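Some structures are shown below for you to check.
In what follows, chain A forms one complex with chain B and a second complex with chain C.
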Partner chain A sequence: MNARLFALVFSLEARKLMSYRVDFWLNSVIGFAAHFSIVYFLWQAIFSESGSELIRGWSFEMMLLYYVLVILAGKLVRGAEHLGDIATDIYEGGLTRYIIYPTSYLAFKYAQHLGNVVPALVQLVLFATLYVLLLPMPEEAAITPASIAMAAVSIGLGNLLFYSFMAPLQSVAYWADNVWSLNVMFRFSSNLLGGAMLPLTLFPEWGQRVLDFLPFKHLYYVPVSVLIGTMGPAEWLRSLGVGLVWLLVIHLVFRAVWNRGKFVYTGVGI
Partner chain B sequence: MRYLRLYLYFLRFSFSRAMEFRLDFWFRIVMDVVFYVVQIIFFSVLYNHTSVLGGWEFPQVLVFICGFFLIDALHMTVFANNMWWLPILVNKGDLDYYLVRPVSSLFFLSLRDFAANSFVNILVASGLMAWALLSYPDALGGLRIGTYLLLLLNGTILYYVMHIAFLIPVFWLHSNRGLGDIFFAMTRYSERPDRIFKGYVRRTLLTILPFSLISSLPARVLFEGLKPELLLHALGVTALLFVGMTLFWKRALRAYASASS
Partner chain C sequence: MIRVRNLKKEFRVHRKEPGLIASIRSLFVREHIVKHALKGVSFEVGEGEILGLVGANGAGKTTLVKILSGIIHPSGGEVSVLDHDPWKREDDFRSRIALIMGQKAQLWWDLPAADCFLLLKEIYRIPDGQYRDTLANLCDMLKVSGEINFQIRRLSLGERMKMELIAALLHRPRVVFLDEPTIGLDLSAQRAIRDFLLQYREEHKPAMILTSHYMEDIERLCERILIIRDGEFVYDGALDRVVRHYANHKILTAHLKRWPEEERAAAVARLQGEVLEAGRDQVRVKVDREDVTRCAQQLLSEWPVVDLNIEEVDIGTVIERIFNEKGKVPA
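Moving on, here comes the complex of A and B:
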């Protein structure tokens, strides 16, 4: 797929999402406010009822900053989130029209997935600015140009990993008629194991050791930890290497599933 | 009686449709089991760092969260598919088909599609609830448990009423989901003990947007004993919202302009 077409698909998808402006802003603002307030009250209760000022090295302010960034950076990682139209294209037969297009179907879908990142970027800038203006920045947080650059790389990797996870799940549509449940299942488990529900350092030691070997932490925990400075450059580099290996493995699995699926595709829909 | 007979037809069609999509049937069961496991692990990890949350110890939170699982399973089975289709029907102008039927349009559109593939999850959630209640260290008594189950049923109705109330604006907004995504963002309030919330947020969650009445208040009645004012509050808010939602629905139907409205 050439760069011009990729950019065009990317831009179309972004504009499509922003076209329902009232819907977009209502969802963004209320969704963020609801998520943030739940986290705020939950951790306020935990800190006050446990009587601790630090929980596994996290202060209340640092915890809030972690969640704000997880909510916002998580949207950049998830992009189109469900990529539901891959499955729809398969079981409704819509994939056929892409077969005759002189472009790669999967690259086309990835461009759409990336297009969904634009509204998330708008939200990140807006809400992060509001956070900085309204709430005090914790002393322990070390957000520097270098940490922002490292986090940007990790978010990019997370976005690719997320797409690579979702695409094979969507490809199950070659054999099943509805794969929506698989997407939701992945979202539930990756939220917990990837650090969107909790910083992973709150898990017991043995749990953290297990999570270190899994790919999920590269979706949320690594990008945010490196951004706020709780993960240093050496650890980040090692983690980046592990993430890239996982990306390769998942991509190979996806290719295998996709290629097998193509043989059972009939083009008439289920 | 006519409505009951109609509902039995809905059930029959839904079960035969679910049996056609067997893989999805199993995916749905596993999906909800994953949701239950994730929530239980989440609270277990939290309780490694505190002994009390919102005034509740872990066995109490376990009962509370299992109550939420049961409500969620009931909602997914009875109402969720119908709620999913509502904005689509409105935007495509396909609501006409339901409005000309000689039955209440709200009844038809809310209950027509019974998710038989989620039905097993009611059994799984009930099992978890029984396990949480049986492993609870103190005696709770039959009356309290009975009232608790009644309030969970009330919570299910409240969940449905709020869900549809968030979807009805689609008649004016013409967006693809109405305010459905906002509703799902806000349901997280009902997955947390109500006493962690303070001030006006807590008051809102117990009255105007009563997400805390869905499963948290029933759990409080179970642990703290029967208080008539709490029962009256839960049932009264549900009744008021139900009436409000019905009026809102009627108002929305007047704004419906059929095809591609």
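Moving on, here comes the complex of A and C:
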């Protein structure tokens, strides 16, 4: 796929999303408020029950900051959450057009996936500004230009990883009629193991060691930790290597699945 | 431009009985039935030719089109389109074909047509000048310049189909597959699309394969037809010939002034040809082509005819007869 086409698909998708204005604001404001209040009240209760200032080294304010950034950066990582499109294209026959057109379906989908990052970026800037204005920044947080740059790289990797995870899951639609339950399972496990539900340092020591070798932490935990400074550059670099290896592995698996799927596709609907 | 030898396609379908127990059992053992959608067909289509592919529902028309355009993998035989194997899906091949499906939108549902066209311009890398000219020309011919800024989903079926046609022809394909392009359209839209296709052929001389259930499409657009029945071709040749072979008679309909019952009965007995209907004010007779004038004269001289009408047998009826018959059409 050439760069101009990629840019066009990307911008069309972003514009389309931004043009659903009501949906955009409802989704982002209400979604954010709901998520934030759950986290706020839950951790407030936990902290007051425990009676201590710190839980495994996390203060209440730091914990809140972690979650806010997970919510916002998570949207950048997940891009088009509806990668369900791939499954739908397969069993409703929408894939046919990309077989006919001289272009790459997967590149096309990735451009759309990235297009979804634009509204997420708008939300990130907006809510992050509000946060800085309204809530105190915890003293231990060290957000610097360098940490922002490292986080940006990690978010990029997370975005690619998320896409590479979802695409083969969705491709199961070549063989099965319903991949919805797979999506749910993936969402749950990636949230838990990737640090969206809890900072991973709250897991037992042995669990953390296992998670170091899995790809999930690159989705949420690494980008946010490196941003707020709880993960240093050395550790970040090491984890980046693991993440890249996983990206390659998942990608190869996906290629194999996809190439087999081609033979099963019957272009239903016509 | 299109060459097909002994092409076969089998579909394996799971057979599943209804009910919960059967569903559970099917998790462990699956029964397959093999469906032979194409049973070894061969044909060729040349430059500037519009080939009509006709057959009943489920005969295998769409399956054939899908194989020719590279969507599905054939089970056997050889296919060459523009000297490419469609299944390889090479860009050089894909940038010179087009597929138009009346049953299924190709364009992006929630984009305006204009944006869809822009996407296609980039996909096919059409130079700016050529794009502008072709688009203006196509919109003009189909009279849809006004609707091009509406989302595809907001267009009427006829307008949408016209957009699909424009989209499919922007890159000036050399081979065009049309699978029921006029399905569900009103007569004026059908006519517009037919004229448009003829003009496109005039200017660009592509090879086209057209399937349609409207015999008018076939009559107006195709000189040659392929009749397919249960995955096999039963006729490949000129449309004229099959019509002449099967429609070797015409139907005469005369509207009558009133006249006494017994006189009419006597006249009917004398009449040449097969009397289809002999009512109080209308008579219909089926006669061989050679006997048409004689029969007409007889009607006019012996019967109190107000108005006389001579019609060809409808091609649809002819083709339908072939669908339902056994064996091939004699050459």
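Things worth noting here:
As a convention for this text, the second predicted complex is superposed on the first by the 268 of 270 C-alpha atoms of A that agree within 3 Å, B and C clash if a C-alpha of one lies under 4 Å from a C-alpha of the other, contacts with A are read in each partner's own complex, and residues count from 1 in each chain.
Everything below uses one rule, namely that contacts are C-beta pairs under 8 Å (C-beta built on N, C-alpha and C of every residue); 3 or more make two chains touch, one makes a residue touch a chain.
Since the structure is predicted, the reported quantities are computational estimates derived from the model, not experimental observations.
In the superposed model, more residues of chain A are touched by B than by the other of chain B and chain C.
Looking at the shared chain after the overlay, A:259 reaches neither chain B nor chain C. Within the superposed three-chain model, A:96 lies in touch with chain C and out of touch with chain B [touch as defined at top]. Shared-chain residue A:26: touches chain B; no touch with chain C. In the superposition on chain A, A:129 makes contact with neither chain B nor chain C. Contacts of A:203 after superposition: chain B is touched, whereas chain C is not reached.
In the superposed pair of complexes, A:144 makes contact with neither chain B nor chain C.
On chain A, the patch touched by chain B and the patch touched by chain C do not overlap at any residue. On chain C, the positions that touch chain A within their shared complex are 11, 62, 66, 69-73, 89, 91, 94-95, 97-99, 101, 103-104, 106, 110-111, 115, 118-120, 122-125, 179. Within the complex formed with chain A, the chain B residues making contact are 21, 23-24, 27-28, 30-31, 34-35, 38, 41-42, 45-46, 48-54, 173, 175-177, 179, 181-182, 185-186, 188-189, 192, 195-198, 201. On the chain A side of its complex with chain B, the touching residues are 20, 22-23, 26-27, 30-31, 34-35, 37-38, 41-42, 44-46, 49-50, 52, 55-56, 175-179, 181-182, 184-185, 188-189, 191-192, 197-198, 202-204, 207.
On chain A, the positions that touch chain C within their shared complex are 2, 4-5, 8-9, 12, 16, 93, 96-97, 99-103, 262-263, 265-267, 269-270.
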